[in-house]
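Here the chain labels run A, B, C, D and E in written order, and each chain numbers its own residues starting at 1.
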Amino acid sequence: MSEDKGAFGVQGTGDTSGFSGLVRAAHSAGSSERPYGSYFDDLADDLERAYPEFNDAIEKVVVDRGELTLFVKAAKLFDVATILRNNEKLRFEYGLGVNGVHYPDQKDRELHAVYELLSLTHNRRIRLEVAVPESHPHLPSLVEVWGGMNWHERETYDMFGIIFDGHPALTRILMPDDWQGHPQRKDYPLGGIAVEYKGATTPAPSERRSYR
Amino acid sequence: MSIGQLIGMDPGWISAIKGLIAFVICVLLTLFAIWAERRIVARMQMRVGPNRVGKFGLLQSLADGVKLALKEDIIPKAADRIVFVIAPIISATTCFMSFAVMPMTGKVSLFGHTTALQLTDLPVGVLYVLAIASVGVYGIVLAGWSSGSTYPLLGGLRSSAQVISYEVAMGLSLVAVFMYAGSMSTADIVAAQGHGWYAVILFPSFVIYMISMVGETNRAPFDLAEAEGELVGGFHTEYSSLKFALFFLAEYVNIMGVSALATTLFLGGYHAIPGLGFTESWLGGWFTLVWFLGKVLAFFFIFIWLRGTLPRMRYDQFMKFGWKVLIPTSLVWIMVGSTFHLLKMRNASRITIMGFGIGVFLLIMAGLTMSEWSSKRRAENATDIELPEPSFPVPSITRSEYING
Amino acid sequence: MSTYADPYASSRETTEGRVYSVTGGDWDALATEIGATKEERVVVNMGPQHPSTHGVLRLILELEGETVTEARCGIGYLHTGIEKNTEYRTWTQGVTFVTRMDYLAPIFNEVAYCLGVEKLLGITNDIPERASVIRVLMMELNRISSHMVALGTGALELGALSPMIFAFRERELVLDLFEMISGLRMNMAYVRPGGVAQDIPAGGVAKIRETVAQLRTNFKDNEKLLIGNTIWMKRTQHIGYLDLAGCTTLGITGPVLRSAGLAWDLRKTQPYCGYENYDFDVVTANSCDVYGRFLVRMGELEQSLRIIEQACDKLDRLEGQPVMVADKKIAWPSQLSVGADGMGNSLNHIREIMGESMEALIHHFKLVTEGFRVPAGQVYTAVESPRGETGVHLVSDGGTRPYRVHFREPSFNNLQATAAMSEGGMVADIIAAVASIDPVMGGVDR
Amino acid sequence: MHNLFSAALTIGATKTPEAVQFWILAPLAVLAAVGMLLVKKAVHSALLLAWIMISLAIFYIAQDALFLGIVQVVVYTGAVMMLFLFILMLVGVDSSDSLIENIKGQRGASITAALGLAGLLTSLIGRAVVGHEAYGLTVSNANGNVQGIAQELFTQYVWAFEVVSALLITAALGAMVLAHTPKSSPSQRFLSTARFRGDSLAATAGLAASGVYARHNAVDVPALLPDGSAAEESISATLEARGDMIVSTPFEMKPAIEEEN
Amino acid sequence: MGLEESLPSGFALTTVEGLAGYMRKSSLWPATFGLACCAIEMMAAGAGKHDLARFGMEVFRASPRQADLMIVAGRVSNKMAPVLRQIYDQMPGPKWVLAMGACASSGGMFNNYAVVQGVDHVVPVDIYLPGCPPRPEMLIDAILKLHQQISDTKLGANREDIIREVEAAALAAKPTHQLKGLLA
């Protein structure tokens, strides 16, 4: 991956101001073993019972800091989400949203989508995490499971370029439509963008000032 | 000699001077009114309000006017140029015209000439005011249409519908006054109120007029044409500079106009309030102008009060109110009022009149009760919308105490 | 469209002397549209600069007469890239960024973020009780100031001028308290990982009590102005209907959800900062409309005052206790409440830090410039903000800066209800419906 | 004809100010009448019509027919105002008149109607002027203009008056009945409830907004899908049906970033 | 612009200048252009405690056509920049821009892809107001300073003279890159 640059194009210094390269290794948590503790065991059992393909769909289960994360395979995401929502014992009525995380050094698993779910009936939370390769960032859309995922998926597409298949209109939501790139990926610079209005452009600070 | 005849005898130059005086009064009143509104609303909101320009900020509206006049004049490209220019002129000219028939004083001496401060007295003076008002709407509609933009168009349509509907209610509310005064001339109507203000005698008419005058002038809570929250500025969204100032002026002169009409028709015009009649004889005819202006400003204060207190009505509620409440009420009131009048003219006995009054009262009460019943029945019968259950689980409501419902 | 011309190309053509021609927007489109006989519908663009769009929300409405047949929301006009910015700053500095997201509820953003960082650090149980109480106190004060803006601007958008000014009067009282406690009126960055930046100044609690009493009487003014006012009732009752099913699938939380009858409040259901130790009620309405939301907010104001009073009692009890975690690897060495200026910048204090040892100096320098390290992992923490569930998803790679900070903003989510709440209603109802969602665009767009 | 003209002259002995007014207003009114037929925009036409009505009102007033003049303004300008609304709502804001006749026999009908009207006017004026001794407004205004009209209307012509008013009310009611289509537009509450009871939840959060570009952000440009194609859904169906969309080809994305890596 | 541009220079113009300046500063209507946090403080400045109305400034105009002053209150995103410029263009002259807060003045702490690094990239700014967000008192202070600036504005021929002078001075000045001193 390309080295990250700061707003003013500072390179190769021991700068702690935050503008220099941010090449960092991200962690990947190991799989947790049973018993998970808290309500997580019950929840996992219920899901396994309700979803026969559990072992096939779930890559790993992580229990960390009192939170349960299920790593789901992209192809099975929709099924898992539907079961989580519908099953009497699970009842995750609320899909609180999806969020992208970019791990450029995880080969073929660069883009992670993280779903936070909430069950009002049982007062429980769960997190689903799905990894997709940057070269083929496709995930099934969950708008049919939780209508409110609509904008969250659009935001995640806008910021990370994850494409949610089946979304009714997966267009940019926060950035203008003629924007280049997905700004919250790790390989996208923090700043240095020209302003354009009415066809007139004002160059970005990094190009105007003699910071180079 | 009646005031009307007195005015009829004015030579031309006196009329010209009177016209000038009326115009100056209008303009000064407007400048003062805008300042007063801003100060009073500020006071209602625990603020200070404009106090920098002139003493107490009195010249604030003058500064606004001059500033607006000095601004760049923009005609949007999509606008219909001619109409765009004509519209504010129509608004600003018609608003002054209704003052021609407003009796502002009793008998006064002007340059040695005994007359009254009323430009002319038409036998159909009040109708004339209505006619002028209906021409005045053109300013708003044309402004909305010619701006070539969505918000002004919607604002213009709203306000024309609004003014037309409320003019009907307003006209109907005046019918009772015509019947009791036996004339449509403003001077005669003032004279006919010697025995009592029509605001008291014809109280329902007065209320209806008060409501429809707020609707007619597009003021809060009926300021739908320029509903800032929805239509930005309504019909004058695209107007800038002097043209906008003209609309601004027209709005306030119109308020003064309807207030003056209300004063004339319902509050005894330029006459002193009951009990203070001696002021007229002691202080002379010119003092009656003070009474007149005082009453007009009292109405204006109500306008400000409404604006400081109430939220805006919704368009359909407002129209419904006009057509389904105000107009039928005025129709019923006209019938009742005219019957009373007839009974009185025929010298019917007190018992007959009382009996009729009680009968009408009972009928109205019965009608209201019936309608309340039926609406209650309708509300009970209105079953909840029958739709399938949602395809997804919904958390159940466990709590049953609510703060409403 | 054939008549289309670049709206900017000839925008300032001079024609006759001082008269300029400027294009008026989408008029071409509109004109052809009304001309078309197929349907008498108009597409109206509201915003992003429009008096009733709570800042820079854009609404694209399709109208049939005055009825809204279709409503679309355009957002992103205030996108600030805060989430990305935090990745370039230390964990502590992150507070200054997140506080500016939902600028009406800065304390909630800070608390949610700090709870997340503390969870990552594993020090959730080490936070001093006094710090938690101050957090609760600040959050509830903030809830009042935020609800005041919601009610005031909501009323203003429905055409009532005075309630807005009255609401801002109350808000000023609360902001004065904020200023006294944190030094700032807005965007305080007062809550820090490990506790709060500084203790409440001497005499502060008494001042808070005084203000609470005044607020209690002041709230009645607003109630008198609006509750029972026929026009206000007609403009809000049965408007912007959204039932529980809609709230559920759209993920709607906060007063909008509570107006649909469900008493879901994270302060009760998943308590944090010791909310379980306070006595308060969750206010609900079952009318699912704008009026219900209005009443819920009014009720919550009262409950907030109750919590503040209890917090004040607790503060009296905890007088003199620390407000920052004891771990010197996280807490800044400078005691911000020390010194003549109260900010820990007194000469003696600096001399103490500087003069004690080289180690101390280096530690101070490292902690302030580089920040502390946070063990790798990810957490999600949520607090009940005035608008609903403000959730923070934090990812750490074990470094001194966040790897990823994501805010699950309630405004962003709740705004999705705009279409459901407005389609089928009138234009004026949209304004009421959006005002009842109370979106803050800073939070929506981040 | 000459007879008629001289008769008209003798009836109202035209005083000087009135003559001045006449010779200023009359040509303007005629010009406006001609212009009304010639201008392209329907609104302009209506505006000129209003001007004619007001000019007529001024003529009436100058002729001492005060009540008639005022009523002319109230009734006709009000009517023209209605016309305005109809034009704006039905014909369209910006449309010019079509020059193609699509009603069969329109010309014939209009010529017949015009001839009929001319005949009617001639006979009426002739009847008023030729057979009778005109006594002018001064006489009929003896008890006041308004009172005079009331006297006539409610005594001699009361039958005609009532018939006409009944006719007008019937016409108004008829128009309302014909134009009123019982619209069963569902309430917001119904729509909002039904929205979450359908088969698909995909659109419950509302449709996507139109595209926003540095150089264009009107409602007629579609937003872009991930593959760079236009999202049809992001434009109002009304605009789409009329082809009022701007094709978004100029805004197409450069090859997406993912391909660079 | 208005009538005053056609006046000849001299005494008459100076009088008009004074008068026009006074009227303009006394009636400076702001456009409602709230973006972010600063907008709330702007509203607070209009509310009871601070009351901008004293200066005749409570007339927040929703339509840019009737506004004199654009208070850019908050961060301007790249997406908002064209809209901002369009609104500025819709305002009739003479018009003023107040960049309220650090973000509008310079991008503030948001030195990133999304935020325009100072609204002066898009529209000319007459007065910058620091603060994040500035207190209402600061806003009032900035507005009073702007009032001073407005009432001192020259018109017509006098204005052209000043523009000429300023340009000549700028041409005569040493370019930045030739400046030597502590910074170089």
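The rule is short, and it goes like this: a residue touches a chain if its C-beta (ideal position, glycine included) is under 8 Å from a C-beta of that chain, and two chains touch if they have at least 3 such contacts.
Just so you know, these numbers come straight off a predicted model, no measurement behind them.
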| item | value |
| --- | --- |
| Shared interface partners, meaning chains that touch subunit B and subunit D | A, C, E |
| Innermost chain, taking as reference the mean of every protein Cα atom displayed | C |
| Distance-maximising chain from subunit E - centres being C-alpha averages | D |
| Contact-richer chain pair [A-E vs A-B] | A-E |
| Distance between chain centroids, defined by C-alpha means - subunit B, subunit E (Å) | 39 |
| Whole-Å gap between the CA centroids of subunit C and subunit E | 29 |
| Centre distance in Å when subunit D and subunit E are each reduced to the mean of their C-alpha atoms | 45 |
| Where subunit A and subunit D are represented by their mean Cα positions, the distance between them in whole Å | 58 |
| Two or more partner chains touched - positions in subunit E | 1, 47-48, 62, 78-79, 81-83, 86, 90, 111-114 |
| Set of subunit A residues in contact with two or more other chains | 93, 120, 145-148, 150-151, 172-176, 183, 188, 190, 196-199 |
| Residues of subunit C engaged with two or more neighbouring chains | 8, 11, 18, 22, 25-26, 30-31, 45, 50-51, 75-76, 79, 81, 84-85, 165, 169, 245, 248-250, 262, 264, 416, 429, 445 |
| Arrangement of touching chains [line / ring / star / complete / other] | complete |
| Partner subunit B, residues of subunit C touching it in the complex | 10-11, 13, 18-28, 30-31, 42, 44-45, 50-52, 66, 155-162, 165-166, 169, 225-226, 229, 231-232, 234-235, 244-245, 248-249, 261-264, 282-287, 291-292, 295-296, 299, 426-429, 431 |
| Subunit E contact footprint on subunit C (complex, rising order) | 8, 11-12, 18, 22, 48-51, 55-56, 76-82, 84-85, 96-97, 100, 103-104, 149, 153, 164-165, 168-169, 171-172, 175, 185-187, 441-442, 445 |
| Subunit A - residues contacting subunit D, complex | 1, 134-135, 137, 141, 143-148, 150-151, 154, 157, 161, 163, 166-173, 176-178, 180-182, 185, 187, 196-199 |
| List of subunit C residues in touch with subunit D within their complex | 1, 4, 6-8, 25-26, 29-36, 38-41, 43, 45, 58, 60, 62, 64, 67, 70-76, 238-243, 245-246, 249-250, 416-425, 429 |
| Subunit E to subunit B touching residues, read off their complex | 1-4, 19-20, 22-24, 26-27, 29, 47-48, 51, 53-56, 58-59, 61-63, 65-66, 68, 90, 92-94 |
